[in-house]
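In the part that follows, the structures are each spelled out as structure tokens.
Next come two complexes, and both contain chain A; in the first it sits with chain B, in the second with chain C.
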Partner chain A sequence: MAKLPAPQELIASRPPFPGEHWLALKPEFSPGSFCYPAKPDTMERLHMPNPHEWDPAADDWGLPENWEKTLCDAFAERLEKHRSLKLFMDICVRCGACADKCHFFLGTNDPKNMPVLRAELLRSLYRRDHTMLGKLLGKTAGARGWDKSVVKELFYYAYQCTECRRCSLFCPYGIDTAEITMIVRELLHEVGLGTHWIMDPVKNCSFTGNHLGIQPHSFVEIVEMLADDCETVTGIRPKTPFNKKNAEILFITPSGDVFADPGIYTFMGYLLLFHQLDLDYTLSTYASEGGNFGSFTSFNMAKKLNAKMYAEAERLNAKWILGGECGHMWRVINQYMDTYNGPTPANMIPPTSPVTGTVFSNAASTKMVHIAEFTADLIYHNKLKLDPSRNDHIVTTFHDSCNPSRGMGLLDEPRYVLKAVCNNFVEMPENTIREQTFCCGAGSGLNTEEIMELRMRAGMPRGNALRHVQQKFGVNHMACVCAIDRATLPPLANYWAPGVTVSGLHELVANALVMTGEQKRTMDLRQEDLPGVEEDETDAQEGGE
Partner chain B sequence: MLLSLLLVLLIGAVAWAGSAAGFAPLFGVALPYLATAVFICGMIWRMVYWAKSPVPFRIPTTGGQEQSLAFIRQAKIDCPSTRAGVFARMVLEILLFRSLFRNTQADVRAHLPASNGPGTIYYSSKWLWCFALMFHYCFLLVFLRHFRFFAEPVPAWITCLETLDGIMQIGAPRFFMTGAILLVALLFLLGRRLFNQRLRCISLANDYFPLWLLIGIVGTGICLRYFDKTEIAMVKVFIMSITHFSPVSTQGIAPLFFVHVTLVCTLLLYSPFSKLTHMAGVFFSPTRNLANNSRQKRHINPWNPPKQYFTYAEYENEYRDAMAEAGLPLEKAPDKAAE
Partner chain C sequence: MRLTECLRDEKEEILRLWMEAVYATYPFDAKGVLRTVSDPFGNPGADMTREAAHALYDAVMGEETTVDGVKGALERFVKLRAVQRDTPSRALGVFHLLKPIMRQRLLPHCTDSGELNGYLAAESRLDSLILLAFDMYMADRETLAESRVKEIRSQHAQLTKWAQAFKKSLLVAG
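Our next item is the complex of A and B:
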């Protein structure tokens, strides 16, 4: 990976906005501007069309012989399947309100990263084949034909969009670029173009159950290790139920929380919370992935990966599913899951908290509850003994992940929990939070190393907002409810606001959680000493009794 | 930009020359009938075209807090979970341009004192919202005012509208504010396409053409009222005859009137095939017109493909031994599975 320029240089090095019309501009495939292509054997195993070796920097992308017809037909088919696509192709007035709402545009100043032009790449093709004016007037009416450079352009910009939907919030017609990007990615897959960082996890998820392809026994081992770490910190070794039949609740979270720092601390948080509640739940090694990289590939792939959740709930005879902290996982669960793979198996019932008796009527059909909803309800009913002063050494802010914000509306539940477990909470500026939140810069399968500079550019608005509260209010921590954020925000914070640490919500919950029979807490879940707390032999023993 | 201007000028010139040369019935009678028919059929055709594709997924853009726990306050309009909420959201969107009202302008700075480093400032930017709203409402009012030519006697609500519109009581004929505001708003919308670098980059002939056309319509309309004053009584008789499908002679009506009519007809003819379908399209937008309740009620996708996935049985077959070793419960023990 090339060395990153300093943040100020990065901003200064944004090229000036070009004077030419966009049709005269073509992207340059320089290293760092694209994600590595998917491997042929991965694509073959997933039965994707035209698996082949190719290089985005090369001239020839190895498109199949009938590529143009394949793409035209695939596009026409999707127009018949999605009203949104027809509509979004027809009604954009190019008012430009979306332009500077996109983090990729703000960070790169590349005109085709303005959402309007990202869509216009496809719209120009639509005009030629599907509108009367385009057919009659061609280029004059903004129509153009397919050629290989257009395919390259679509690839370039479909993978410089994180499907965050910020533009769709500001669009007077609600045109959603995420919808367009999803469909462009589907089209590209029809001719065998995909990226390694998405397709490899898709393959792993599909055949082993989680992103890294960790096999069941290793998965169990890792979780056991995390339980050991919980014991080191709290003196209590939480239960780790796996594939247990007839448990009331099936718990599914993104597997990133099992493997990657700092997600593992969030996972430890879940284990401790569930142990304290004596929750009748189980984890599953088969459905061990909440995240859904299929949703960055195609609607059908998303459906395929998501199907395991209900299948496993049925096999294990669970009553409902509790979902961990994750962004796109929750977009899929909230807006797609029931449609894809419902109705739910007969053994499932509308979720009810076994601790408070609250019926989650908003999840009556999917029967899947977000952990932030679950925990907020516990706190509201005073079911948790919390000592927020254990988190006093941090001044935290909260990063709203794009998908729960604009594809679900999960905004106040995590804040309710966060305020209960941390005494020092500061919001970032209002144009960068809640429904107006900015992406971490690397969502939708772009959190790969080879495009790190691009990620830092796209993460600039979030980075700037974080730096602002860091300088102004001494913020040194950012909480989030997304596993991808937990992977992408630490480098972002390091770059834009060094000194800010990143964690999931439930890491902070578990730090503040006073457990029955725990030892005196002298360190947090990261096994870092809590400031101002001295290890005291007698106290530790008393607590242990 | 120039091309669309020239096209509008050409259409105007043809209408002028044609009606002056005795083809006024063509522009004043045949064209309006044709344009109205094309507009109505064309818009219906476009709506049917959209409606023929299903809405496979429930994808509202949530603009606020979801409906969840009793103690958490839902944003009932920006994140609706009921039909009433969706209705309110759509009303705000269509009547007040709710989404455009959110508009901000981002300014990226390499050094911002408050951040002691790089920073981005977000300014509220309501100009587009303001002028867009002015344009659309004045356009509506001007359109409604024109019904004075379509009805005899003139209904009271139109007279009332005219009184309000001319409330400043300037000149004779009375100066109507809406016409002027309409022109100013159009010039603003055109100006930003010409002078804003980003807008210039994204604008197509398809964007300039309707603007020039509307400017032409409003311009000729203003001329007809205040400057090249038309024989208004004759025009009314003529228009009434058209609406009663028994057109009278066009004799004595100035060519400029036919230019005005021709431009309006061009707009009608052009609308169903262009971005101007947004007037109907906005009602169809699935990110706005659906409730965020897909966890509560199942949304059906008519083309939902059959489920195909790596089943647990296949999974266990693949990893049975390792799973047994790790002490995981199994559907079939290794020795049984081997049989």
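Our next item is the complex of A and C:
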């Protein structure tokens, strides 16, 4: 007679020593562990190779007949093109310094999510075809050949890396594991494997300029509605200049700030700030997206989508570009834009603040300035009248978004601004901020709801640090300078540190900004009552009596 | 040996064995990091396990505690298991792993000293804690489900508002 299993058997504890080598253990494609695949129609319209219908949970992924040759050739081509990739393949000594630095490893405890071993998935293939030892000794030298389960494994782990580069910070050789992930994703695209959450925005950006594919007239109307909301809060309806020729500044921000809650309040913050400064700027319906999901697809796609920035600056004859709060947009700008799309159009000049006269020499090459730098400069020169007490109900911390912090060193400017507009600021623990910041767990195109559990475990180290300051210091707010963060941190905070709200930096700036001719502020940009304002009025009336 | 003394003496070893049993639910190659890195932010999973282990032991052994207090100490650990394992049994089964350890380390002493009832009461408290943990697990899973819905709404919040305004203007225009 069969007996029920004991609890130990039910939870499937593994044997003390595994029977198989780590590389031989294959991932299980259970629902929630993978992103949905891109639609063939999307891939066809983008002229991506081998578009086809496939299901990650199925045994057969419908790879093209010559899939192995395609992948080997594509890998060889990239090794030839990117000397850095060849270096990253050769130089790793597997010291393990990166092993416990990845939020995916810390959250999943899956060894193949150790950056060193994730890279080893590709490196083992490299050894077989591109190293003498691998050719001669094969498996003994850590080499292995391609098979379909290897392709599946590469897909599984390339989309369990957010390209945040925290591991690179600890690598004594400076190996950029994010670039290895980028290459793996490129290779997978060669055989028609991509994800819907990335490729749909790429298609929309290609055809209409922004992630949701909103047509220009609708885009303008949506921004107008945000200006209406600004008026409700402040009594001032900010200007919404679009496609204005000869404007000094072209402003480009991720479209998530136009469509998504809570990013929309950050966008309202931009509108109010620019209105108060009477800035000669313009928005664009063509360059209506700062985000670049092409950078999660391939270098060529990233280059193509990014090209619209300079094209629009040239068409509108703008002198320089001001960029909104975004993460990977700034990685692309700071790290790749010069070689992707440079040199800048002849009409562009090194950015100079029209308010303070500061020349942003750090942006002399790209001619693009981050809005946190721009606003920090304004505050430094006392050009803004601020009432930080309007944010007194907030005890805020700051989440360093991976790309601006590690990708461009934007560490102090946002903090400078935040401290000027909020009286209560608390840092999270030292090894979770600044260059060592933990990712939100859903960057690089992983912020899709079908992998919510995966996101919660990948974001656990960030959520854990947030929870710590919430419990120890009463933190109830987290500011950030990334549109993906504004989308992914609210569910993460709600799970790991319920009660903490999330916003962009410029939402808080606009809340504190004292504007010329504004009405008495009784609510914040979210149209939520400002605590204490009504009581003050009552007190004043009582005092008057 | 009396039960109280036995509980005190065996605490460190029982906690160690239970944490080992928890770590054994993760892949072999991940165990080294879990066991050796003590930084609460550099190795949060192990920190959560440690916090839960101490709270669990004290509560099971009948130390003065409140339901809210013990729930607070188990919260991070349950949240982690709720997103790491695909079935409730695999997520929460780790609490049951304390029983064989208790039976190995405590039961013989309790039987010898005639305190079997005290031992059985401790096991019953563990059962209560597992029920509490199950409630917490379900609340966490509900939060996840709600997050999916909220996120879909938030992604297009302003677009929806615009579409509603557009529809209204069409209706007004007849």
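By definition in this document, the second predicted complex is superposed on the first by the 514 of 545 C-alpha atoms of A that agree within 3 Å, B and C clash if a C-alpha of one lies under 4 Å from a C-alpha of the other, contacts with A are read in each partner's own complex, and residues count from 1 in each chain.
Criterion: a contact is a pair of C-beta atoms (placed from the backbone, for glycine too) under 8 Å apart; a residue touches a chain by one contact, two chains touch by 3 or more.
Here the structure is a predicted model, which means the values were calculated and not measured.
Engineer: Please determine, from the superposition on chain A, whether chain B and chain C clash or fit.
Structural biologist: On the superposed model, which is not a single observed complex, chain B and chain C clash.
Engineer: For A:D100 in the superposed arrangement: first (chain B), second (chain C), both or neither?
Structural biologist: After superposing on A, A:D100 lies in contact with both chain B and chain C.
Engineer: Looking at the overlay, what does A:N431 touch: chain B (first), chain C (second), both, or neither?
Structural biologist: Touch partners of A:N431: chain B and chain C.
Engineer: Between chain B and chain C, whom does A:S389 touch in the aligned arrangement: first, second, both, or neither?
Structural biologist: Neither partner.
Engineer: When the two structures are overlaid on chain A, which partner does A:Q527 contact: first (chain B), second (chain C), both, or neither?
Structural biologist: Neither partner.
Engineer: Let me test your reading of the model: by the given contact rule, A:E312 touches which partner, first (chain B), second (chain C), both or neither?
Structural biologist: first
Engineer: What is the contact status of A:F17 with respect to chain B (first) and chain C (second): first, second, both, or neither?
Structural biologist: Both chain B and chain C are touched by A:F17.
Engineer: Touching A:N246 in the superposition: chain B (first), chain C (second), both, neither?
Structural biologist: In the superposed model, A:N246 contacts neither chain B nor chain C.
Engineer: Taking the superposition on A as described, I'd like to know which of chain B and chain C A:S149 touches: first, second, both or neither.
Structural biologist: Neither chain B nor chain C is touched by A:S149.
Engineer: Applying the document's definition of touch, where does A:H468 land relative to chain B and chain C: first, second, both, or neither?
Structural biologist: Both chain B and chain C are touched by A:H468.
Engineer: Of chain B and chain C, which one contacts the greater number of residues in chain A?
Structural biologist: B
Engineer: Pick out the stretch of chain B that clashes with chain C after the overlay, from 19-27, 109-117 or 253-261.
Structural biologist: After superposing on chain A, the clashing stretch of chain B is 109-117.
Engineer: Can you pull the chain A residues that chain B and chain C both touch?
Structural biologist: Shared contact residues on chain A: 7-8, 11-12, 14, 17-18, 22, 99-100, 106, 111, 114, 117, 221, 429, 431-432, 460-461, 464-465, 467-468, 496.
Engineer: Once bound in the complex, which stretches of chain B touch chain A?
Structural biologist: 3, 46, 49-59, 61-69, 71-75, 78-79, 81, 93, 97, 99-100, 102-106, 108-112, 114-120, 122, 128, 132, 192, 196-199, 201-207, 273-275, 277-278, 281-282, 284-288, 292-301, 303-305, 307-312, 315-316, 318-319, 322-323, 325-329, 331
Engineer: Under the stated contact criterion, what part of chain A meets chain B in this complex?
Structural biologist: Answer in residue numbers: 7-8, 11-12, 14, 17-22, 79-87, 90-97, 99-101, 106, 111, 114, 116-117, 120, 131-133, 140-142, 165, 168-176, 179, 206-209, 215-217, 220-221, 242-245, 285-286, 299-300, 303-305, 307-308, 311-312, 315, 333-336, 338-343, 358, 360-366, 368, 373, 376-377, 380, 405-413, 416, 429, 431-432, 434-436, 460-461, 463-465, 467-468, 471-472, 496.
Engineer: Which part of chain A faces chain C closely enough to touch in the complex?
Structural biologist: Residues 7-8, 10-14, 16-18, 22, 25, 30, 32, 99-100, 105-111, 114, 117, 212, 214, 218, 221-222, 225-226, 258-262, 264, 429, 431-432, 449, 452-454, 456-457, 460-461, 464-465, 467-468, 487, 490-491, 494-496, 498 of chain A touch chain C in their complex.
Engineer: In the complex of these two chains, what residues of chain C are touching chain A?
Structural biologist: Touch residues, chain C against chain A: 21, 24-30, 33-34, 37, 39-45, 47-48, 76, 79-80, 83-84, 86, 89-90, 93-94, 96-97, 99-100, 140, 143-144, 147-148, 150-159, 161-162, 165-166.
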